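Chain lettering (A, B, C, D, E, F, G and H) follows the sequence in which the chains are written, and residue indices restart at 1 in each chain.
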Amino acid sequence: MTEQRIRDLLKQVAARKLDVAAAVTRLRHLPFEDLGFARLDHHRSLRRGIPEVVLGERKTAAQIAAIGARVVASGQSLIITRLSPDKAREVKRKTPRLKYREDAMLGYVVTKPAPKRGHGLVMIISAGTSDIPVAEEAALCAELFGNRVERLYDVGVAGLHRLTSNLESIASASVLIVVAGMEGALPSVVAGLIDKPVIAVPTSVGYGTAFGGLAALLGMLNSCSSGVTVVNIDNGYGAALAATLMNRVGIAEPK
Amino acid sequence: MTEQRIRDLLKQVAARKLDVAAAVTRLRHLPFEDLGFARLDHHRSLRRGIPEVVLGERKTAAQIAAIGARVVASGQSLIITRLSPDKAREVKRKTPRLKYREDAMLGYVVTKPAPKRGHGLVMIISAGTSDIPVAEEAALCAELFGNRVERLYDVGVAGLHRLTSNLESIASASVLIVVAGMEGALPSVVAGLIDKPVIAVPTSVGYGTAFGGLAALLGMLNSCSSGVTVVNIDNGYGAALAATLMNRVGIAEPK
Amino acid sequence: MTEQRIRDLLKQVAARKLDVAAAVTRLRHLPFEDLGFARLDHHRSLRRGIPEVVLGERKTAAQIAAIGARVVASGQSLIITRLSPDKAREVKRKTPRLKYREDAMLGYVVTKPAPKRGHGLVMIISAGTSDIPVAEEAALCAELFGNRVERLYDVGVAGLHRLTSNLESIASASVLIVVAGMEGALPSVVAGLIDKPVIAVPTSVGYGTAFGGLAALLGMLNSCSSGVTVVNIDNGYGAALAATLMNRVGIAEPK
Amino acid sequence: MTEQRIRDLLKQVAARKLDVAAAVTRLRHLPFEDLGFARLDHHRSLRRGIPEVVLGERKTAAQIAAIGARVVASGQSLIITRLSPDKAREVKRKTPRLKYREDAMLGYVVTKPAPKRGHGLVMIISAGTSDIPVAEEAALCAELFGNRVERLYDVGVAGLHRLTSNLESIASASVLIVVAGMEGALPSVVAGLIDKPVIAVPTSVGYGTAFGGLAALLGMLNSCSSGVTVVNIDNGYGAALAATLMNRVGIAEPK
Amino acid sequence: MTEQRIRDLLKQVAARKLDVAAAVTRLRHLPFEDLGFARLDHHRSLRRGIPEVVLGERKTAAQIAAIGARVVASGQSLIITRLSPDKAREVKRKTPRLKYREDAMLGYVVTKPAPKRGHGLVMIISAGTSDIPVAEEAALCAELFGNRVERLYDVGVAGLHRLTSNLESIASASVLIVVAGMEGALPSVVAGLIDKPVIAVPTSVGYGTAFGGLAALLGMLNSCSSGVTVVNIDNGYGAALAATLMNRVGIAEPK
Amino acid sequence: MTEQRIRDLLKQVAARKLDVAAAVTRLRHLPFEDLGFARLDHHRSLRRGIPEVVLGERKTAAQIAAIGARVVASGQSLIITRLSPDKAREVKRKTPRLKYREDAMLGYVVTKPAPKRGHGLVMIISAGTSDIPVAEEAALCAELFGNRVERLYDVGVAGLHRLTSNLESIASASVLIVVAGMEGALPSVVAGLIDKPVIAVPTSVGYGTAFGGLAALLGMLNSCSSGVTVVNIDNGYGAALAATLMNRVGIAEPK
Amino acid sequence: MTEQRIRDLLKQVAARKLDVAAAVTRLRHLPFEDLGFARLDHHRSLRRGIPEVVLGERKTAAQIAAIGARVVASGQSLIITRLSPDKAREVKRKTPRLKYREDAMLGYVVTKPAPKRGHGLVMIISAGTSDIPVAEEAALCAELFGNRVERLYDVGVAGLHRLTSNLESIASASVLIVVAGMEGALPSVVAGLIDKPVIAVPTSVGYGTAFGGLAALLGMLNSCSSGVTVVNIDNGYGAALAATLMNRVGIAEPK
Amino acid sequence: MTEQRIRDLLKQVAARKLDVAAAVTRLRHLPFEDLGFARLDHHRSLRRGIPEVVLGERKTAAQIAAIGARVVASGQSLIITRLSPDKAREVKRKTPRLKYREDAMLGYVVTKPAPKRGHGLVMIISAGTSDIPVAEEAALCAELFGNRVERLYDVGVAGLHRLTSNLESIASASVLIVVAGMEGALPSVVAGLIDKPVIAVPTSVGYGTAFGGLAALLGMLNSCSSGVTVVNIDNGYGAALAATLMNRVGIAEPK
């Protein structure tokens, strides 16, 4: 612990066991070690009980397994996003505690479950069946981060009645994550119905001028409904983390 | 005049002044002169009583006035789209019959009103106040083309109740033109409510990632609602002409 | 007017002319009370005899089979677009009545054939051999939606004579779907020849600056010919549905 | 459950415990029966004391004044965003109570101040002097929406020390709005320092490959820091509204 | 056959079996049947001895074989571009005379060799080894079209001396096709050295911001050297045909 | 002067004042000084009698006047493209011989007229009235470069009959420059009619998805007609120079 | 000075004038204040004698004057880039020592000239007359940063001989900044001639597909010549600063 | 061989077999043969001991082996970038001395090691594990080019402490190559910490709006930190070569 080390150092100075020049030299080497951007970050995760999250894509199974082992060894829980079934199998051989959800392309190891925190429910709404992988990435992450989560899937234009017939439940959520591809109009509609933060997640679902999610992204960024903010295409995890922070606004961090 | 030339040629054949082989040779060189794509097109306008439409943008007032004079002299009505107030004033000096609607940037001369035709109503729906210039270009053109037209403006997300509270009137339309900028979600919503052709017109209204109407265009092209087709950004006139043709499907052209 | 109908209904209840259960049932059929956007939509399909359409892409065979079973069980016909041969085989195992057209990547189950409706012919015109999959998706869907359909394929610039030599047949159509990739100029040419609604379908055929259909799309959106409207790249199904609605403009829905 | 409520209501009517007029009134307040998406929306504003917000761009001064008068007459406060000084002057002539902040291009009329609500502070951080107009739009709106607001401007890379030297104050915020143009890296840095929701606002500040804010937007959407969500380029108002909702998560709406 | 029909009609007129007015009416309905754009086109190929060219991409081997058979049966030579080795093998089974050049992805059947025509040499210059497939498509097509062809490959910036050391030969060409990927600067350099038409062919060679040939294309379109015109990315065939026409400017077509 | 230096060096060798090895060493350091790409280029212009062309845009009137004076002083003719009327007036004050054509934004000084050369006619075809500035830049430059030039304007889709009724004249051209904005389909149509090189010039005419000429450019690059090559958007001058070179293929340069 | 403050603090602790707890508290407030990213940066400027650089665009004259006054007051020199003549005049009224170079849109105040440092010459090469504003921004900044600077302008393809005839001088440079618009090929050519770092600066010069410098940028990023690195479009200042750092590689910073 | 020809010519002059005028004429025709850009280039490599670098992508194994054999035979070292494991195996069969590093997709043959040169250290910094292939391409190339190289990997936002805790080592570098995908903010942060040239390498790591490295590229081009220059996406080799040249600024080339 840095603060302790500074305290000790100062005590040594006070006790004349260390002269000023030597203390300055030591302190000079502290700042960056001590800066603790990342350490804070690191500790933050531990403290919050939020699992460490690793992007599985573009990493080899060996790299993932190595990182994963280090994380788990440190006592943290672990989430691996965008993990293909093939790699999942390989990683599992080295980390047998790994759980894998193929529909969400998500692997995870829970060393100790995140305590439930937050004002209320995080609701995950998705437009179509094809959006479910992204929606499930968001939903599973949100659960692993310690939120109560509810799902409302397949409520695009062709099923808007399901949306409206669940309005009460929607209205009971604290934060909403709305996942949609194609023209991405669903977040606007949802945000028009309620007064809660809506995190819009464009998906790469669609073809032609969907341009891999660009049409949905632009639709969401230009939403004329209030309170919509947007994350990267297919970024269910990022939405889940943002929702977690929103769900805890005004709640003091556990010491 | 081509037809005259064919007639003369045939007379010569009939009169045995020209033998068949020579006539074939001459005719073989006629086809293109005679092709008359555009002539048909030209006649078509006359026959249908649909005004000639000229794009005012990027033409000088002098050019517009000259083209306009030629059209009006031929007995046709005339529409000039995207006509700035300045140019309108200049054109008016040479064509005093010109009427001008600044809100739609539209000039027109009606030599004889287009007869009302078509199955029913063409309804123009617009999302916001800023979309009105485009919507009015569509509405005025549709009227000048001989349709009965109804307007329903300013029914974006912030005024969806106006849309739904006019559902009966909407349902009574034959064809709908839906004009929207920003995320362009309105055509999807309208098309989800009724079983009529919906022509979506993206507008350049918006800022940032609206990209001058691109976001709205992409939203409309990726609409998951049925029956939506799309025209160019801000192209109210094109939508009006397409609507006119749709409104006359199955109605024989007047001879 | 809905409110009047509600008032009348309530009066009947108050007068005991209508019992509560019957009143609930009737209210359920009122457009807004039980919202039923989607239910209307749902009913609409049933009533019109238009098959339910499912996008096969990005869904697993299992998901498609499940949705399909549900649709067929409800007595509706079913179309699955963008269905790969592999998935088609799997789905067929669970839904033996499934028919599959590999050239159009289209699977379908006809529970009861859509009654023929509409003013006239829907004509599908395509520019090149490579555009046929999209053209056939449009043609098959248009047939399954209850239109009389005619095909005119491979009439790009290299075969324009086929187009012109079929002008009479083209002129006899009510609505035209024109499918083209590369520079996408065919819809402009077709729309220049006739006075009917032309639905332009850009395809992803081409290479280099074709940009997966973008060049064709832009060409079509900027068409200087009248009456052209556009759908998403490769969206044969969407064109077919729009054509169906256009072909029925002015025809009352069957009760 | 709505249906149950309708059934109960009908029973009361049948039992003559409720007369028809009262039943109609109640039904009118049932969410779906009288749809009222927008009405809810409308009432919402009134109830929350959040001003109505109008986009000044692309509207004429006359249109803005008319809309403004209607809003103010209804007792609501009014905000007009992207209002040019010229139009502001014109609007002021008709609405003398209008206040105008040229640096933020913002006009507003406060009929009654929004009550202060929310867990804590909304902090507005901006990267450079040129980003201030957008930051001020966010800050002023956030204040008018009833948040306590603090500003920390001009803390881009060239002034990161100001950011870090204000860490305590930053850490005390509930929600942060981070405004940056050019490469848009500031939200990532801020989000790396604290565990609060960060709303990133890309600005059109920059030149060349800044592409009017696109570079900043992409940087923010791809942020590898947690908890960042993004709004449209230059959309200070949207960020303020989202922040307001986040700041109230878990706080019941006043009746 | 149209010509026959015209001849018969004329004979009837000559025989006074048909009066002039009736003949005019009938002729008026001929034009489109008779238009023969494509027929001319078709005849043109035959007359010039230029092979029919078919794009192999996106066609099935069966489709290619069928089209090929029809072309060859009509006595024309045949070129199939972008023909993969797999399809080539299949087509060869049905068209044993097919020759295949894998390096250029080109299949062809020469029924009778195109006569050598044109003012002089068509020179194909390419920047790198990876550009050879496109360069060879151009070179082989140009040969099959009846040009004398010379190749100068691998003379990008790293081998500019080869370019300059061949200046005399370059200067002796009538038309030059310059093939380059990446930044596409070679056509500018070549056009700066000589006074001949330079056809620039961008290739999809490169990575990252090469954007599949877009960087090369833009470089070529913005060339500050004179006389450069550009074709589509990887379009060796198109360049060869354009070069053929340029090489024959001022040479009368054989009757 | 390099040539003088070489001459001196050779004289020293001849006079045995310098041995061969030393002379080789010195010559080895000459090449670049001596390279004379641009000098050749410069001489080329003089020799061909082709005027020097200067881009007027983004240069101050003073810069243009200075460059122009230098060119004219050297006995060459001069063309200034994209010269605004304002700058033209200023330049004219210093170069009274300057002629200016506002419709083409072109200034020029003819010191001695370019001798007529080339196989035949360069024909300039344009689609619409708004394309005339670019077409005239091409036409005037082609004339000043020594070509016989013919114009055929305003023959877009709405006037295709003019195109076909001029087929004989079109067929008589050696090279064609086809200028079109919007969807840019005209070059494809023209190239389908004749066997001559067609240089396509996209213009920035159009709105919305015309994207300043991009739609036309893409249409032209993807043309399925043969022999089309393309230049930069609005680049009439470049097309004229390319046409000049094509028109002279096979004609020896005057000594 | 921070280090001094730490030293003093430690002395107080050693002298028991400050107890450990109080010292920890004070130190805790140092890190960020003291972090000194920006302070280092600030001091760095002072130490190196490199002027502070302010982007004039999008700032009001008042803002620029205020910032400028602060900088000059601190004893630093000042550069304002992208400063319009109008704003320059205003700023000059408040900062009479301001010098302004309109051709480079650059204002500056030299409080004390930067000492000349660096291995050798920074050479600025530009392609055309229109690129001079950007080239001069680079040249002036490089001089003000303490480099010896040489200019070689207007050596694009049309003047390549000037480039080659200056090869010796080019070869004598330590670092080269090459400024070019349009196709941006010049840096490739320069980098092919010498073994020195080449900083490529794309400019927004050009039209049509130059896309405001994008074509030049892509050309430069895809350069097949070695040693080319690229900065933002029109970013002469950034190139100058990078060149300054390169010119000092291996030279110890003055204390 | 050109040099021989010059020598012979000079001998003839010395021997008075050729007079000076004739010799000048002959020499005038030499320049291009003699130009030797590439020869210089070629020699340059040999002289510097820098290996020849070949792009493996899009070349067949046979082509690579052939080029490689030629290079190695000439005594040079060889680097093949973007060499897939499959091709590497094939090439190795023909060039057994080939070494292959799969993690960097790099093959190389060192005929004689490049002598260590340059002022100091080239440091390679990468943001994430997924960026390592590009970083290793840069690192290995930099080593093979004769630089002392140090690596600092995985120091993105999540590990910024590693960056700051290595500040001394970072500060000791002469030139830095910073490799990052996603939002590409790391080069800005690094350049903000030190006064050394920073070469930013965007990688294609990321998904969605990372657009294959475009987001990172734009972020780097718009960096508000000083001294950052950028290379193509994933271009580790180009960065290494640029760094090599920067590391040698002011160091005379070995003769």
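Worth pointing out:
Please note the rule applied: a residue touches a chain if its C-beta (ideal position, glycine included) is under 8 Å from a C-beta of that chain, and two chains touch if they have at least 3 such contacts.
Please read these numbers as outputs of a predicted model, since none were measured by experiment.
Farthest from chain C in terms of Cα centroid separation is G. In whole angstrom, the spacing between the mean C-alpha positions of chain C and chain D is 40. If you average the CA atoms of chain A and of chain B, the two centres end up 51 Å from each other. In terms of their C-alpha centroids, the spacing between chain C and chain H amounts to 55 Å.
Shared interface positions of chain G, defined as residues touching 2 or more other chains, are 31, 35, 37, 41, 128, 157-158, 160, 192-193, 208-210, 214, 217, 221-222, 232-233. Shown are all chain pairs that touch, namely A-B, A-C, A-D, A-G, A-H, B-C, B-D, B-E, B-F, C-D, C-E, C-F, D-G, D-H, E-F, E-G, E-H, F-G, F-H, G-H.
In the complex of the two chains, the chain G residues touching chain E come out as 127-128, 156-158, 160, 182-185, 188-189, 192, 206, 208-211, 214-216, 218-225. Looking at the complex, you find that chain H touches chain A at residues 128-130, 158-162, 164-165, 167, 205, 207-210.
Residues 3, 6-7, 10-11, 13-14, 16, 19-20, 23-24, 27-28, 31, 34-35 of chain G are the ones that touch chain A when the two sit in their complex.
The part of chain B that touches chain C in the complex is made up of residues 37, 40-41, 44, 48, 119-120, 164, 167-168, 174-175, 192-193, 195-197, 199, 217, 221-222, 226-233, 238-239, 241-242, 244-251, 253.
Partner chain B is touched in their complex by these residues of chain D: 35-39, 41, 55, 57-59, 63, 67, 82, 202, 204, 212-214, 217, 232-235.
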